Structure formats: C-alpha cells, structure tokens
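The structures come next, written out as structure tokens.
Same chain, two partners: subunit A is paired with subunit B first, then with subunit C.
What follows is the complex of A and B.
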C-alpha cells in the first residue's frame, strides 16, 4: 500500500525545518561543528553534526521541557515541525499513530542513569533517568504532548530501523488502525559513542565525509530527528508517496535493482557498509547526502526527507561531489527515487518513492 | 476497523524462570511451583535484595563460544526460536528460499547499558571494544536471521513491557500484507543489573515473591526468558498441524504518563476493543485472559477494573508469579502460555494471590481451573502508556 507524505519536520546538523534542509542541499555540504571533550590528558576537538532544538519553545513552554532529555526534545521538535508543515497542529489526533525508529535510543540518558548508581550507589539510582532511558520514552512524550491515543511503536534495528519501522507504519494504515502516522527517525550523539567510534575508526572520524568513496573511512558522527506525516495515498500527497518498502539480506538473496533506478544511498563514509554499495551499484545514478547531516543509523530518515523534497520540487539537488555552481537538475514528473541503506552484514532496506 | 485475516500459529517455544522449554514450563505452572531468589548472575550494593526469577539451568546453543559471541538476550531468543521452529516442523535448510521475517520485542536486548564497560570509560581506563562489538552483533532479530540464514524483514520492537505482544501483532500483519511467508515473532529479555537498579529506584519491586492482584501486593519480581511463535500464512501451512491462530490484535496509547497506567484504563479498553473488532470475536466468547498482572498496585488495580467492565466473569490469571516480569519477553511468553493453556483446557492458579483487595472488583483464579472454549485473550501494559492485546484461538477454526 502506498503512503502519502503530508508534512516534514527536521532538526539536524544543518539546522531546523525543511527550509534549512533545502538551503543545505543547495550548498551541497554543511560544515560540522567542532566539539570539545575535556580529558585528563587535555581537551580533544573533533567534528560532529549536532542538532539545535531552540525552536521547540515556539511549540512547548520551556517549563514543560525541564525534565525532558535532548533525545526527546529532538523528537518533539521534529514532530511539532512535521505537524505544522502538514497544517495539523490543531487537529484531533485520536487516530494518529506514532512510530519512532532509532538505532541507539536515548544514549545520553542511558549513561546518565548508569552515572547515578556508579557515582552514588545502587540505592541512589535515578528513577527519572531510568524511565527516560527506556527506548519508547520519546514516543511517549510525543503521544502525551499531542494526545495521540492511537497505537505507538518504537523500533530499533540499527541501520535498518527506518525501513523496518516504515513497514509497520504501512500496515497500520493499510489495516485502518490509524488515519495518519507521525513517523520519526532519531538518533543522538554522545561522548561514549564518540569514544567507541574512535576506537573503531581512529582518524577516519575527522572527516571530511566522502560518502561515495567506498574505499576509505570518512564518516563524521551526526544526530538529529526527521519526521514525516504519513497518510494513505488516497489523499493527495503534499510531497510524494512511498510506494514500497523492502528489507532483506543481500548475502542470502542478492538485491536486484531496476535498471537506471535513481538512488539516494545511505552511504555515510563507513567503509564496512560501503563495500555493499560498491558491489551492487554499477551504472545506477546515485547521490548521498551524509555531508549535510553526518553519520548515524536513523539518518535514513533524512534521506527520505531529501527524496520527498526533491520529488515535490522536481529538482535533483546535487550531493557534496556535485558541481554546485550549476543549478539543480530538473526531475521529470514521472521520476522515481529510491533510498537504499546497507548495514555492515549485508542487510538492506530499500524504500521506493514517486510523486 | 474491520476484521483481519487469521494467521496460523504452527510452533511455540519458550524458556523462563518457569522452565527451560514449553513442556517443563507447563509442568511447573500446573504444579504451582516457582523459584524466586536473589540474583545469581550479578550483584549490587543495594541494601535490599529483591528476588528475581532467573533461568533454572544454563542452556546450550549450537554455537561456538556462545557467551562471548552474542549477548544473553539474543541467546535466549535463539533458543526459543529453535524450539518453536522444531515444534512447527521446520528445519533451517527448509527455510532457505522462503521469505522469513523476524519480529521480536525486547528492552535490555537493545540498550547500550554495558555498565562494566562504562565504569572503565568513566575512570579513564580506555576499555576495549569487545563488549561493544558483542552489542553490535547482538540485535536479537538479526541474530536469528543470521544464524538461520533468513531473508526477510527484521524488527525489534522496543515498546517496553508490551513489546512482545506488539511484535506478534506486527509480525502477523507482515504475513497479511504478503511481505513474508513465515514470521518468527515474540519477545526476549535477560535479567540485568541496570533494570534491577531501575525498577528498584521506581520502588515497584517486591522484596518477597510477587503477589499479583493480592491486597498485599507490593510490586513485581523481575525475570528473564524468551517466548516465540512461528506464524505462517494459511496458504503456506496447508496440510500442517496448526496449533492455533492469531485472530485479533489491538494496540493503543494512554498518552497519560511515562510510567503509570491511566487510572481509567481508557488505553487498555481501546486496545481490547480493537482486538475484538479485528478478530470479529465478542467478549462473551473469551474463555480466559492471561493478564499482565505485574503485582504492582497501580497496574493490577487498572487491569482488574477493566477486566471487570469488559469481560465480567471471565477467568483470568497472571503467570508472572511463575516467570517474574520478563519485560520485553513477557508478551511473547504469555502468548505461548495462553495458546498452550487453551490446548490443554486448563489454567494454572494465579500463584501469589491469597487475599482479595477490596479495591479490585474481580480476582484471578486461585487454583488450577478447567476451561471450556477455543478463544483467549493475552494483554500487556507498558511504560510509555502502551497497551497491547492479542486474541488467540486454538486448533482449526
């Protein structure tokens, strides 16, 4: 069953909102922020695509956000912006499902909870950090904020989180359980994540990200939230439609692509995943936008937003490898776009979109 | 919403504090035996020792270096999957060439809460990546798909304590949509120091064996385990023994509080009504309910009131007295028990219950109880306000 994209809400290293993404796409590349961590041996500086969430107070009073962590704030901001974009901020949401896809969940709060008992003993474990570290806490905040009493689902499947969660959103709409789905893809940066990535990838974390060079490690860590308002496609789409969602494992049964299928690939400078793109993609026209929002499992949500925006604008925004002195390439009304993401083990998610 | 196509259940597998497989679990349930004790696999400096229900024995998988390759949650999931596939008459080689999805619920199984690693990181000791590598290898759905060389969608549902129930409902929908031929669905979760500390911080764990629905209930006992079902489209499982069917599934959110259920039970009622609507079943056709029944004051109060209102007089039981609260696994284990009890025509006593709570309008079964009929309901409530309900049928319908 096709799903129509009616609204988009975003926050990431490029800024907040769909216009910020469009501006970033026109530039082709966003410079990551410099993050500094204080160690015993001195400060460490490195690049990261961090998300700012200050627009959230336009929707929710600051006081109500006091005990809400950064992960849930990104989630709430993405949801608010998507509903506003779809002109549904004031609508009845008793038939709105909430689906959240995340690779790692609320990392900072997970470690904050560990801090509470490692620093002060188990009898001082923080109930606030514990309840907010549960993976579905962000979805709960969205449901509570918007009085969304229809089903709520949080999915975590590393790089496949977005495609897998979309499959379930599609079924909710197909079976008539909901009339619309507030679909979000979120991941957050944490210092521990940086430490792990450094151990795994060493100097590769310094960027600049070169997503289409599959032979080198060039990923730069990112974070953000990408939300879509989805309905059944019997309603006219404000952006585009998601035609098909497919998941599988390329090693077990090789993925066959339609010849000339235009692809936005989730290559983000990770060499281990890059090998799968290298082995599959021959003459397909591909673009990759990790240089706009960085590397994290749920970034596929941003790829989807880019595809939807390009199909609505009928323009192919060039990626960081393109010649940005030229205007964007026009897309024909019949053009289709697919978002393809590989995980390190050859598992893939393919999401096909059209107008 | 209207009726949905029934999905066949052809295999069951489970292990928990109640038993190392389904047969042993049922034996212990109907002998009314349980074995709560302080945790053996980890320790804390907490001044109070809360009893938990750990697996009674170790278990072996056809894997080299089982403990270091995959995290315990994935090992539990794989053990239950192998039992369920065997029960369904599937050998791994026969699954190749088919589209087989894996949809599982968990909580601990996908949380990066490696506290020994993190302690070393905090102390500036530059810990190695072995634990992180194991975490990255150990997504339970991916582990099953990888070990059995499956091609199909994988999904981990992290809806806290309703994850397993939701995963079964979602897995069934994949089959109806034609996304798969077979789905392995359910839940798995290990006991962990993090959840032990977390639930004790919320002050909802009992210092004694838990007492679901009893007036003296003080909270839950944590548990661990996995419960998985093999689901098949009816076109795939022709001429096979069918244990039962997923007839209906409903899910709804309280949108009320992060950890407490909505006092009027509106979300649970909505999930129940959706399960009835999708199954075409009426409340009076339900033989029994496998309740969430954690033993916490709030949960049991809400659940009892909703059961009294929607399913008056229908026998119900919480099996968490036998298994502990296995979090993301609970819905999977309880769906397995629900169908097994339907087939047996008998419910185990709600262990731990002895004194009725005058605040609760209805009470669970207090002894092993014969049941008539083909249909039962299994329900889960969760942090985040999630409510999920399955309606299951036994045998041929």
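What follows is the complex of A and C.
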C-alpha cells in the first residue's frame, strides 16, 4: 500500500526545519561543528554534525522539558515541525500512531544512567535517567505531548531501522488502525559512541565526508531527527508518496534494481558499507547527502525527507560531489526516486517514492 | 561553600532548573508545590541527590517529609547527619 507524505520536520547538523534542509542541499555540503573532549592527556578535537533544538521552546514550555533528554528533545522538535508543516498542530490526534526508528536509542542517557550506577551504586542511580533510557521513552513523550492515543512503537534494527519501521507504519495504515502516522528517524551522538567509532574505524573520522568514494573511510558522526506525517495515499500527498519498502540481504538474494532507477544512497563514508554500493550501482544515477547531516544509522530518514522534498520541488539537488555552480537539475513529474541503504553485512533497505 | 549554597547549586544542575538562579531560591521557599514548584518525581531525585552529593541517606518518608520542606530544613537534616 502506498503512503502519502503530508509533512516533514527535521533537526540536524544543517539546522532546524525543512527550509534549513533545502538551503543545505542547495549548498551541497555543511561544515560539521568541532567537538572537544577533555582527556587526561589533553583535549581531543574532532568534527561532528550536532543538532540544535532551541526551536522546541516555541512549541513546549522550557520548564516542561527539564526531565526530557536531548534524544527526546530532538524527537519532539522533529514531531512538532512535521505536524506544523502538515497543518496538524491543532488537529485531533486520537487516530495518529507514532513510529520511531533508531539505530542506537538514547545513547547519552543510557550511558549516564549506567555511569551513575557504576560510580555510586543502585541507590544513587537517577530515576529520571532510568525512565529516559527506556527504549520507547521518546515515542512515549511524543504520544503524550500530542495526545496521539493510537499505537506507539520504537523499532531498532541498526541501519535497517527506518525501512523496518516504515513497514509497521504501512501495516497500521493498511489495517485502518490509524489515519496518520507520525514517523520519525532519530539517532544521537555521545562521547561513548565516538570512542566506539574510533575503535571500529581506526582510520579516523576527521572528514571531509566523501560518500561516493567507496575506497576510503571518510565518515563524520552525526545526529538528528527526521519526521514525516504519513497517511494513506487516497489523500493527495503534500510532498510525495512512498510506493514500496523492501528489506533483504544482497548475499542471500541479490537486489535487482530497475534499470536507470535514480537513487539516493545511504553511503556515508563507511568503507565497509561502501563496497556494496560499489558492486551494484555502476549503471545508476546516484546521489548521497551524508555531507549535509553526517553518519548515523537513522540517516536514512533524512534521505527519505530529501527525496520527498526533491519530488515536490521537482529539482534534483546536487550532492557534495556535484558542480554547485550549475543550477539544480529539473525532475519530471513522472520521476521516481529510491533511497537505498546497505549495512556492512549486505543487508539492504530500499524505499521507492514517486509523486 | 555552605551546605545551603551547595544544595541550591546541585538542585538547579541535577533537576535541570534552567530558568532558576541560585539567588532566586530563598532558604525558606517551599521546595514543592507553590515555591520552587517541584513534584513527587523530584522528591525521588532529591533523595538520590542528597545521598550522592552529601553522603547522607534519607531512609524513609517519615524522616524525609520534614526534611524536604525547604532548603533550610534539608540543610539542617544534612548537617545533623554529618555532625
């Protein structure tokens, strides 16, 4: 069943809201912020695409946010902006479902809670940190804040989280359990994540991101939230429609693409994942936007928002490898776009969109 | 730094009271309801904060209720236990 995209709300390293994303796409690249971690041997500086969430206080009073962590704040901001974009901020949301896709969950809160447990024992572990570390906390915040009383779900399947969660949203809409789904893809940066990435990717994460060079490790960590308001496609889509969502493993059953299918690929500078794109995409027109929002499992949600925006604008915004002295390429009304993400083991998620 | 001053600082930091400055919390301001506006979830956090930052355990609500009224009562409770 096709799903119509009625609203988009985002926050990430490029800024807050759909206009910030459009501006970043027109530039093709966003400079990551410099993060500093103090170690015993001295400070360590490295680039990261961090999300600012200050627009959230336009929707929710600051005092009401004091027990809500950064992960949930990104989630709430994405949801607020998507509902505003769909003109549903004041609507009855009793039949609105909430589906969250995340590769990592609330990393910082989870590790803060574990640290407090290890440092001070169970009796000094923060109950607020504990409640925010529960995996469905962000989705619950959204459901409660917006009185979205239909089902609420958080899906984690690392790089495949977005495609997997979309299947749940699609099923709810097909069954008539909900009339809308507030669909979000969120991941956050944490110092522990930086440490882990240093261990896994010894070649470093200094950037700049070169997503289409599959021979080098050029990833730069990112974070953010990308939300879509989804309905059944019997309503006219404000942006575009999601035609099909496919999950599989290229080693078990090789992915066959439609010839000349135009693809937004989730290549983000990880060499291990890049080899799958290199083997499959020789004859396809591809773009990749990791230089706009960085590398994290839920970034597929941003690829999806980019595809929807480009189909509405009927413009193909060039990626960081493109020639930005030329205007964006026009897309025909019949144009289709697909978002393809590979995991390191050959798992793939393919999301096909059209107007 | 006195116990009262430290209490005000850790309350703001650990309860994320970003809209409050330490000077705005008076010693006799009610911590819950009218006053600082804390609630029952904060009471649980307060028990953890007092143990973590001062090494003083509030064992049950019988001794916690009178201690958790104001900065003054809580500081006195801590100082008595540390004496």
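Everything that follows uses one rule, which is that the second predicted complex is superposed on the first by the 353 of 355 C-alpha atoms of A that agree within 3 Å, B and C clash if a C-alpha of one lies under 4 Å from a C-alpha of the other, contacts with A are read in each partner's own complex, and residues count from 1 in each chain.
Criterion: a residue touches a chain if its C-beta (ideal position, glycine included) is under 8 Å from a C-beta of that chain, and two chains touch if they have at least 3 such contacts.
Computed from a prediction, not measured in an experiment: that's the story for all the values here.
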{"item": "Which of subunit B and subunit C A:66 touches, first, second, both or neither", "value": "second"}
{"item": "Greater residue coverage of subunit A in the superposed arrangement, subunit B or subunit C", "value": "B"}
{"item": "Partner chain in contact with A:126 - subunit B first, subunit C second, else both or neither", "value": "both"}
{"item": "Touching partner for A:135 - first (subunit B), second (subunit C), both, neither", "value": "first"}
{"item": "First (subunit B), second (subunit C), both or neither touched by A:53", "value": "neither"}
{"item": "Partner chain(s) touched by A:308 [first = subunit B, second = subunit C, both, neither]", "value": "neither"}
{"item": "Residues of subunit A contacting subunit B in one complex and subunit C in the other", "value": "116, 123, 125-127"}
{"item": "Subunit C-touching residues of subunit A, taken from the complex the two chains share", "value": "62-63, 66-67, 116, 120, 123-128"}
{"item": "In the complex, subunit A residues that touch subunit B", "value": "1, 39-40, 98, 104-105, 107, 110-111, 113-118, 121-123, 125-127, 130-137, 139-141, 143-144, 146-158, 160, 164-165, 167-168, 170-172, 174-177, 192, 195-196, 199-200, 247-249, 252-253, 345, 347"}
{"item": "Of subunit B, residues touching subunit A in the complex", "value": "1-2, 4, 44-47, 96, 107, 110-113, 115, 118-119, 121-122, 124, 128-129, 132, 136, 139, 141-142, 145-146, 149-160, 166, 170, 173-174, 176-177, 179, 194, 197-203, 251-259, 266-267, 270, 274, 278, 382-386"}
{"item": "Touching residues on subunit C, where the partner in the complex is subunit A", "value": "14-19, 37, 41, 44-45, 48, 51-52, 57"}
